[in-house]
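Notes to accompany the following structure.
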Amino acid sequence: MSALLACLVLPLLGALAAVALPRRAVAAVLAGVVALTLVAAVGLAVAVHSGGVVRLALGGWSPPLGIALAADGLGAAFVLLTALVMAGVAAAARDEMTPQGAGPRAAFGFWPLMLLLWGALNAVFLSRDLFNLYVGIELLTLAAVALVAIGGRAEAIAAAMRYLIFALAGSLLYLAGVVLIYGAHGTLDIDLVAARDAAAPDGLALALMTAGLLVKTALFPFHVWLPPAHASAPAPASALLSALVPKASFVILLRLWFEAMPDLGTDRALLLLGVLGAAAILWGSLRALVQARLKLIVAYSTVAQLGYLFLVFPLAGGAAGAQPWTAGAWTGAIFQALSHGLAKAAMFLAAGLFMAAAGSDRLGALRGLARVMPMTAFAFALASVTLISLPPSGGFTAKYLLMTSSFAAGQWIWALVMTLGGLLTAGYLYRPMAALFAREGGEGVQTVARARQAVPLVLAGLAILLGILSAAPFDFLQIGRPEAAEEGP
Amino acid sequence: MAALSIYALTGAALVGLGFFGLLAARHLLRRVVAFNLIGSGLFLYFGAAATRGAAPDPVPQALIITGIVVALAASALAVALVVAQVRAAGRATLPEEEDAP
Amino acid sequence: MTAALGLALDAALCALILGVALAVVAGRGVFRAVVFFIVYGLLAAVAWVRLDAVNVALAEAAIGAGLTGVLLLAAHGRLRRAEAAQDLAHGMPWSAALAGGALAAALGWAWFEMPIPVEPGPELAEALPRAGVGNPVTAVLLNFRAWDTLLESIVLLAALIGVWMLAREGDWREPLGRPQHARPGGVMAGFGRVLPPVGLLVGVWLVWAGADHPGGAFQGGTVLAAVGLVAVLAGVIRPPWIGAPLWQGALVLGPAVFLLAGIAGAVLAGGFLTLPEGFAKPAIVTIEVALTVSIAVTLAFLVLGPPEAEGAG
Amino acid sequence: MADLATLLFTALGLVFFAAGTVGLIRFPDTFSRLHALTKADNLGLGFIALGVAFQAESWAQVARIALIWVLALLAAGAVAQLVARAALMRRGGA
């Protein structure tokens, strides 16, 4: 319980300190908060691993009156992912986000916003209350939009504006669903909603909430806000936005469709989600293939990689709940989210270092950088291995699980889409890779400190490690897994 | 109950109107106003739903107050973004959404 | 008042609300839309009184109509030159009309299909006496669902940092907002001197009364923010710059006290945000006072906007 | 008796509000509009406040109603001055 509490409270306290304390003190507080929260996240994972789901009724009031929190395998895994990515980004941005490096404005704003984002993510991953989740994603949205706006240039402001409009429309759709649920059932708690007597507007409520969350997860065709927003933020901010933020709304979707209202998962609805996911994989990859800037390639790649997550709905949802392949599909999708988070954070941080060295992220400017910055180029290559899903990466495990379950379910069409997606991924990542490892070029670039180059390497390495050690996380993710999908192999 | 239905349906209509405004308007400030209209209509609907029982339920009222404050926070950021957008690009619309003149 | 008369009043009010909302969405000119939105907010506040939700009416009038209106008007004042740009789309945007209409129809349908859930439930009636305050809405906000309220106060802070991120690089050290010049001895200056004491009283009273009557930290904080803004407009106080220690402290005071009280609850009373019985009332009042300070300062800063240098933009 | 007084005074107040609104719509320029609005509405609000005061249960409530009227008066006066000045400056600038 104390680890769970620390994960919620420490980032928020750190954010307040970063606003109120003088600049000199902020760095020390920051280091402490990051280290302690990382320890707490590991502690929470250990507690869940050894003792099962950790529950907490806030204020001593249990639902329906109060708000319940719970850390199951899913929640704890994402809390840990967040802590790892945050620690990496904090280490990478330490020298960049200073008044000398990025100007006093960005140096003031980045740190509290990063910590607020952290607090909001943990609040969302652990909450069991539909309205509390709304407040959590609003905090997440405002912090994320502000992180885009830090970029400061005209296109960053336009991207932040578009992001905010989409996100607010999504929030209100979600809220409309929450209102219908409370209106009909008088409760907001996910477990109590699961035990409700079905009412006619339930389907509408789920549809509204889902539509809102799809906008926030940037699933095709609601993805148009994502690439400009993620590409125009400063690199450390892009890493946070791409690796973590869409995962929050995805986790809420999982909770809705698998825990709160699995009875409403009709085949047609689940199929629609899967089709949108497949469309995202193909469209995002094709768009990534024609971009001329590295950050835009990486951003469109996020659109594509998020598509894989939605294959979990036709493969593990609804009536398919108790089939032998569902555990594989469920775990595969979460593996995909985790390994994409680590790899994408590494990629954006590497892109930031390339930009710092070459002064631009146009592919032409990156030629030959691998000879000057071998460590960063290697990190980028490792992250690419995960996204292309070559063995032994975490991405490979994810797509292997999804693919075997789609064959087992007789839905081979998803396997076809995934294969095609893998080929396209290799295609769009080949272009920056070919530029980086070109024989000529690389002269006259700024040097980047080795310590900064190490961070993306560590994150990309973790994404590979996730694949090598996939057995332990596999069991971990089953802890507290919703009943509907429990009877796996 | 009839009175509550009037308020609930008004709320529903406000949500629809606001959504129309959010999608159809080009001027960003009007889009911010439309966003506020959606929120307010949704709260009205919620408020009517909460008053159906014998005693009014205080929980929705508290949620609505929270929602109003969250909407204000979002509006403040949105309005500041509109001002910044006009300053940076000289117009109060998003780039590729301007219809051809 | 007879039931029929009440129903007629409700119907008339709702018709008025819808008419004004239509003007907000489709009326000519953005300025008109903003003004009609403020009118809309005041009408909505009346609707909340009719729905027996005075707490919400206060919040809607102060925050929904008042503060949002001021925000929009201030922004409009800066955008005058952009006004000539395109406002509404050419022709009738049918897809938007379809989406809006479908949403309204779906919610309308749901209203008649929605079952009435079991009453607020025995849990609430049983818990209220132990909540420490007599106003059930305040009990929900600061005790039963305190985590929501805590996050919400931090949402305001996130929005403020976001607004500040829109400052121009060179303006970062300037005072917040546009430089204001009230004529010394003018009407505004005089008004700015008369209002603050009265407004201060009303704001504090709203917070204090909020424990047992309608009101609370958000409504009171909004009034205090308005008082501060009038004082700034009148030139009575000068807006601070970002990083002024006292003001930064005031910004985080509320959330910090709230978080620390929550942690104290975890240590002393066995659960995060648990208020020990007997101490619930003083704990809630302490949190509310601290929250009010932070809300007032944050809201005022949100309206002032990012720092801006003299003669810029 | 109290109800009758309330009815009478609020009705009177409404008449003044109606007159002020008609003036707002019909008068030609900003200054005469302001004149109609402030005079008539302040008086109208005063009558309504008086009417409502008859329904008060304690003197404290009466005092609060009076305070509301005074505050509204103050705000209306100050805003009218500001609007008039803005109109004057626009006219001078044009």
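Letters are used for the chains, namely A, B, C and D, taken in the order the chains are written, and counting of residues starts over at 1 for each.
By our rule, contacts are C-beta pairs under 8 Å (C-beta built on N, C-alpha and C of every residue); 3 or more make two chains touch, one makes a residue touch a chain.
All figures in this text were calculated on a predicted structure; none of them were measured in a lab.
*Asks:* Hey, which pair has more contacts between C-betas, B-C or C-D?
*Replies:* Higher contact count goes to B-C.
*Asks:* Rounded to a whole Å, what is the gap between the Cα centroids of chain B and chain C?
*Replies:* Comparing mean C-alpha positions, chain C is 14 Å from chain B.
*Asks:* From the mean C-alpha coordinate of chain C to that of chain D, what's the distance rounded to whole Å?
*Replies:* Taking the average C-alpha coordinate of chain C and of chain D, the gap between them is 26 Å.
*Asks:* Taking each chain's centre as the mean position of its Cα atoms, how many Å separate chain A from chain C?
*Replies:* About 31 Å separates the centre of chain A from that of chain C.
*Asks:* With chain centres taken as the means of their Cα atoms, state the distance from chain A to chain D in Å.
*Replies:* Centre-to-centre distance between chain A and chain D: 56 Å.
*Asks:* Considering chain C alone, which of its residues make contact with at least two other chains?
*Replies:* As it turns out, chain C has residues touching two or more other chains at 103, 107, 114, 117, 120, 124, 144-145, 148, 152, 155, 158-159, 162, 166.
*Asks:* List, in ascending order, every residue of chain D touching at least 2 other chains.
*Replies:* none
*Asks:* Would you pick out the residues of chain B that each touch at least 2 other chains?
*Replies:* Where chain B meets two or more other chains at a single residue, that happens at 15, 19, 45, 49, 57, 59, 63, 66, 70, 73-74, 77, 81-82, 84.
*Asks:* Every pair of chains that touch: which are they?
*Replies:* According to the stated criterion, the contacting chain pairs are A-B, A-C, B-C, C-D.
*Asks:* Provide the residue numbers of chain A that touch chain B in the complex, in ascending order.
*Replies:* 131, 134-135, 138, 141-142, 145-146, 149, 153-154, 157-158, 160-162, 164-165, 168-169, 171-172, 175-176, 179, 182-183, 186
*Asks:* What residues of chain B sit close enough to touch chain A in their complex?
*Replies:* Going by the criterion above, the answer is residues 15, 19, 22, 28, 31, 35, 38-39, 42, 45-46, 49-50, 57, 59-60, 63, 66-67, 70, 73-74, 77-78, 81-82, 84-85, 88-89, 94-95.
*Asks:* Inside the complex, what are the residues of chain D that reach chain C?
*Replies:* Counting only chain D, the residues touching chain C are 67, 71, 74-75, 78, 81-82, 85.
*Asks:* If you look only at chain C, which of its residues touch chain B in the complex?
*Replies:* Those in contact with chain B are residues 6-7, 10-11, 14, 17-18, 21-22, 24-26, 30, 33-34, 37, 40-41, 44, 47-48, 50-53, 55-56, 59-60, 63-64, 67-68, 71-72, 74-76, 78-79, 81-83, 85-90, 93, 95-97, 99-105, 107-108, 111-112, 114, 116-117, 119-120, 124, 136-137, 139-141, 144-145, 148-149, 152, 155-156, 158-160, 162-163, 166, 216, 218, 299, 302-303, 305-306, 313.
*Asks:* Flag every residue of chain A that touches chain C in the complex, lowest number first.
*Replies:* Within the complex, chain A contacts chain C at residues 2, 5, 8-9, 12-13, 15-17, 19-20, 22, 56-61, 64-67, 103-106, 108-109, 112-113, 116, 119-120, 123, 131-132, 135-136, 138-139, 142-143, 145-146, 149-150, 152, 157, 176, 180, 183-187, 197, 199-201, 204-205, 208.
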